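Below, chain A partners chain B and then partners chain C, in two separate complexes.
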Partner chain A sequence: MRALHAEWTKFRTVRGWVLGSVGAMLASVLFLLVGTASSNQHPQGVTALPVGPGGEAVNDSFYFVHRALTGDGSITVLVTALTGVLADPAGGPGGNTSGVTPWSKAGILVKESLDQGSPYAAMMVTGAHGVRMQNDFTHDRAGLAGSPSAAEPRWLRLVRTGRTVIGLDSIDGVRWTEVGAARLPEPATTVQVGLFVAAPAAVQASGGGSSSPATATGDFRRVTLSGAWGQAAGGWQGGQVGGDAGTSGSYAPGTIGGWTATTGEGFTVTGAGDIAPVVGGPALGPAFTVETFLVGTFVGLIVLTVVAVQFVTTEYRRGLLGQTLAATPHRSRTLAAKATVVATVAFAVGAAAATVSIPLGELRAHATHFAVLTVPTAVQARAALGTGLLLAATAVLSLALGVVLRRSATAITAVVAATVFPHLLAFGGMLPSGPAEWVLRLTPAAGFAVQQTLPRHDQVLSVYAPSSGYFPLSPWGGLAVLGTWSALALAAAAMLLRRRDA
Partner chain B sequence: MRDDVGIEVAGLRKRFGATQALDGMTFAVRPGRVTGFVGPNGAGKSTTMRVVLGLDAPDAGRALVGGRPYRSLRSPLTRLGSLLDAGALQPSRTARNHLLWLAHSQGLPARRVDQVLEQVGLADAARRRAGGFSLGMRQRLGIAAALLGDPPALMLDEPFNGLDPEGIRWIRGLLTSLAAEGRAVLVSSHLMGELEDVADHLVVVGRGRVVADTGVRELLAGVAAGRVMLRTSEPLAAAEVLSHTGATVQVTGPGTLGITGLPGEAIVARLTAAAVPFAEVATHRVTLEEAYLALTGDAVQYRSADSAAGVER
Partner chain C sequence: MSGVDTIGFRRACRAEWTKLRTEAGHGWLLLGLVLVTVGVGAAVSASVPCPASGCGQDQVRLSLAGVSVSQALAAVTALLLVGGEYGTGLIRTTLVALPRRGTVLAAKATVLSGTVLAVGSVAVLASILAGHLLLPGAGYTPAHGYTQLSLADGPTLRAAAGSVLYLVLVGLLTLGVAVAVRDAAVAAGVVLALLYLFPLLSHVVTEPHLQRLLARLGPMPAGLAIQATTNLSHLPIGPWAGLGVLALWAATALFLGGTILRLRNA
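Right, the complex of A and B next:
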């Protein structure tokens, strides 16, 4: 503790280091302001993306043929076909071809209200992923495999009992299998129940990724209801939920949403859009993410690297290390004290800069009419605290390399080359996707993953690659890679410090 | 605690590349006196001090402070205060803050910092950046750092460097009083004259080992060896009378003779008995510098023999 006290006194009594740390924070925030000031005003004011029950930005846009269910009840349906049309990816006129996107959906839905983002539970057939039960945007469970056809149709059923909704599927309408259960957040008496069709845009992964509209049509037979159904206004009503398709794609040219009743208690429903969380990728469009508000981290990181390196190389240059080690002969303890000081300062700078930058960035985005990809509060907090940890780990790496290399310029160059440079290389489009991902797995730049708030969902097709802002590792996994580098460098520094004459 | 031996080094050997910096360095610094650590530049004085502080690891031998290796000491600055390089400062840090982090590293209160600043006469400059200090002020700051832990042993490397005469007088007084308080004080210098009237004991080194380890009084007595200066108007008569006594008589100038081998009282008695007139009989006072030169003269011979041996090594 004495060594720590001494090192802290050393740090706070050099004005350049204190100003550097405060400057690192201010520079981070300033960099954000400059960055957002230069962005063009978005021409048509984008409405905010709807937010799901979990706090994340969602797409909630689909065609819905619905009735009110005022109490307990169930809906059963037989899906005999899911077909669709795809717009020409090149955008040519009238170039529609038939086909369904993998996550096109046709099925039954229990939804708290017709408002976008409201809680729901759904059973559906999909373009390429079989029967699924999904609820509240982020939950997805697999049911029967395969696509429906007249020869091999799929039975779907939702049963509401109080706040619980159970999803079941069957191939014959006799033997039923429970796929999953969901809980509606509030014991609402009246919910909207019915048939829905959605079709997310087709995604082309090549060439950095692009997307093109798609429309899907579901054939439903033998719609059977039981329970407390409202009888208002002639029963079924059809309409598009969510006039704005968000980032999920709009109708293919020449198609519109709609429904017709067919013989045998059947319906044909045509729709587009998606019921799913918003992810990054070609379809995201002009929306800001939390990580774009943290762009100033680079400036802060470089400034803190200089401070952390100088914190030890100055002692070599001035011959001060002898006094330090005469005062605290236990060399590893001295190094640990120094590392603790720079890590604590860097964490405070990073966490504070991020905590200021995120709301500030949101304000700037709203002022310039850009949508913000909202994430749950916990994810936002992780990105902010993670920024602190990212800088702390980088500061420890800087200090350790300062001990190993003993020269400021060399050590600073090494740290920037190991952190900022791979990041630019991987995200600047200079590398193809494969090598870019390996760079972000192996180099200390992997640590920036802790700032990623762009969600990754298996039930949403996108290009989950660095070109879309996706790190190959999880946030904590990436930070662990950086932490490992820092720990190795610190161990090497400790060994050299013990072995070398001071 | 006042240990019998303040600082002790035994058989230290240290090689830097082709240079044998320490070659069996052995001596002890006892409490209550100032020990001068003298030798030409490159003789191994600084390296020895760095080994004592645990900064450089010796290839062989050991160094103890109060009977223990420095690196095993808790709060080492309270056991041994040292000044190795007065220029070792962060220029933008103030004098007070420089001492403050050292105090914190030993668990000493900030009050102690102000005390030593007062003691070395830097109280007025306490809040000035050390980078703007003159070499003399840096030496004072370095000494303040050495005194910070009120240690029973002190080790100062060339503390007289860059000091004006007033500063040199101040350090001499300080060193004398520190030793009078019972502390063991080791002061290195490459100029013997600086240690005149300060050092009680001398460790003279050359080529990484001790050439002489002796009390200052004995050293001077040995070199002076009864040399008496005689001023007389009849040098030939005086030489005639004294040469019969077996003393060696040299003519050192017009009307002055240097006599060795006969005490001053005996010279007076003989000349009076023989009625040879004389104006002055004085015992020649040998300076430490002369004594040192006499010693290093021996060391040069010693050195040539050593380098011949070094070829075989």
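Right, the complex of A and C next:
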């Protein structure tokens, strides 16, 4: 405890170190301002992405043939085909080919309202993933496998009872299997229920990734309703929910959304877009993420590395370390005290800078009409706290390397080259995704994964690779890699400090 | 050049050379510079495949990728040449022995340039050789539109020679900064920030104009344009112009360092 107090006193009485720490915070925020200043004249004035019930940015654009359900009730439908049109990936005119994207969807939907982002539950057939029940954008459960065809159609049913919606599927319309249940958060008495079709863009993974428009058409037969259906509206209404664009796709050239009634209570519905969370990748246009707002971390990291290294190398240089070690003969204890002080300071600087930067970045994005990939508050908090921990671990690594190398210039360069440079190499587009992922698994740069807020969802096809901003490790897993480096360096420092003369 | 005393300059150079030669860390550092340049270059050459013709990769740039890592070692070499003296107070002795401070800086710059030039040449030549041997195995074959890497090819020679100059200029930039801020640690922070922050910022910036501007102004992205041999018309800045930008940064830093060295107490 006395050692800790002594080290803290040393730290706070050296003006350069205190100024450096405060400067690190200011510099990271300033750097953010420079980084986002660019987009002042954003041409289209992208509208904000809709936000789902969980607080995450979502795509909610699809073709919906619907009517109001005022109380309890159910809808049953037979899906006989899901077909589609894919635009030419090269963008050539009239180069459409037939085909469906793996997550093209046709099915039935219970949605709280026609507003984008409102809660929903849906049963659907998909292009390549069989029957699914999905609700509130992030939940996805598998039902029957296989694609529907005239010979092997799929029966889908949604039953609403109070706040609960149950999804069922069947091969013959006689024996039904429950796929899942969902709760609509608002006990709204009137919900919109009907048939929907969506088709996310086709994703080409090669060459860094690109995406091209797709349109899908679902053939529905024997639509059967039971329960409290509103009569006032006078039957079915069709329309596109949300704009054509989203980040998920748009209509292939020459196709439009629409619906026609066929014989025997049947419908043919054509649509594009997606009902799914927004993810990074080729389909995501220009948008800011929380990671963008945390770009100042790099500046903070460099400044704090300088401070943390000097916190120990200065003592070597001035010979103060001899006195320090005479006063506290347990050398490891001195090292632990020093590490605690720099880690605490770095954590405070990082967490504070991130806490200021995220809302500030959002404000600037709104001011410049720039889309922001919104994430739940818990994810933002993790990124902000994680930034603190990231800087704390880097500061400990710097301190330890300062002891091992005893040369501030060498230690600082080693730390910055080991943390910042691999990040630059992996995300700079020079390395293909395989080696880039290994760089981000093994080097201390893995720690930046804790700042990743871009979500990864199995039910959304994208290029989940460094080229789209994805780390190979989970946020905490990546931080653990950096933490391991820091711990190893600290152990080496403790050993050398014991063995070596100061 | 009447004010410059050539004998004094030569003696200053010899003194700096002795310091560099006898300093414990420098040998390892320079060996590391060669190993890192070749190692990273070879790893990148072997791991970036060219599966089909028109894979769009610049094979010269790949084989010289190690330079972007080893520049840090060139910077450390420069930092130790100055920082060590400020740290121990040796700089006062140096300046008493050689009262012409401009001469001291010029001698340090000369010795540093010569050393990095020699070591950098070895590193770059070995990288090209590694690329020559490894790249065909990764798919850079005549069938895919690539000729085997060779210095007889004009652009390749330019990229190789330019990469050596790039390392020298990074060293000189660091020397200038180190003399200006008189503290090796702070100088290390400043130089690394100058090198790395421009490319990091251009990842975030979404506006194409500003992105190109950052690629033209940043010492690292502009300077490394010297390694490009394909798609030259689409580069934000031409190879020699880019190296010129880095040279301007280095000259500014040296001028600033020289002025501060003359005006201030050590």
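Everything below uses one rule, namely that the second predicted complex is superposed on the first by the 499 of 502 C-alpha atoms of A that agree within 3 Å, B and C clash if a C-alpha of one lies under 4 Å from a C-alpha of the other, contacts with A are read in each partner's own complex, and residues count from 1 in each chain.
In the analysis below, a residue touches a chain if its C-beta (ideal position, glycine included) is under 8 Å from a C-beta of that chain, and two chains touch if they have at least 3 such contacts.
Since the structure is predicted, the reported quantities are computational estimates derived from the model, not experimental observations.
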Message = Do chain B and chain C fit side by side on chain A in the superposed arrangement, or is it a clash?
response = fit
Query = Who does A:13 touch here: chain B (first), chain C (second), both, or neither?
reply = first
Request  = Measure off the angle at the C-alpha centre of chain A toward the C-alpha centres of chain B and chain C in the combined model, and quote it in steps of 10°.
outcome  = 50
Message = Is A:344 touching anything from chain B or chain C once the two structures are fitted on A? First, second, both or neither.
response = neither
Key: Residues of chain A touched, compared between chain B and chain C (which is higher)   = C
Ask   = In the superposed arrangement, does A:427 touch chain B (first), chain C (second), both or neither?
value = second
Query = What is the contact status of A:325 with respect to chain B (first) and chain C (second): first, second, both, or neither?
reply = first
First (chain B), second (chain C), both or neither touched by A:409 = second
Task = Answer with first, second, both or neither: which of chain B and chain C does A:3 touch in the superposed model?
result = first
Ask   = In the superposed arrangement, does A:417 touch chain B (first), chain C (second), both or neither?
value = second
Ask   = Looking at the overlay, does A:298 come into contact with chain B only (first), chain C only (second), both, or neither?
value = second
Message = I'd like to know which partner A:313 touches here: chain B for first, chain C for second, both or neither.
response = second
Task = Report, in whole Å, the shortest distance between any C-alpha atom of chain B and any C-alpha atom of chain C after the two complexes are superposed.
result = 11
Key: Overlapping contact positions on chain A, where the chain C interface meets the chain B interface   = none
Task = Enumerate the contact residues on chain A facing chain B in the complex.
result = 2-3, 5-7, 9-10, 13-16, 314, 318-320, 322-330, 501-502
Ask   = Tell me, which parts of chain A touch chain C in their complex?
value = 31, 34-42, 207, 286, 288, 292, 295, 298-299, 302-303, 305-306, 309-310, 313, 317, 370, 407-410, 412-413, 416-417, 420-421, 423-425, 427-428, 430-432, 434-435
Request  = Mind listing the chain C positions that touch chain A in their complex?
outcome  = 25, 29, 43-44, 47-49, 56, 61-62, 65, 68-69, 72-73, 75-76, 79-80, 83-84, 87-88, 184-189, 192-193, 196-197, 199-201, 203-207, 210-211
Request  = Flag every residue of chain B that touches chain A in the complex, lowest number first.
outcome  = 50, 53-57, 70-73, 76-77, 82, 84-85, 87-94, 97-98, 100-102, 104-107, 145
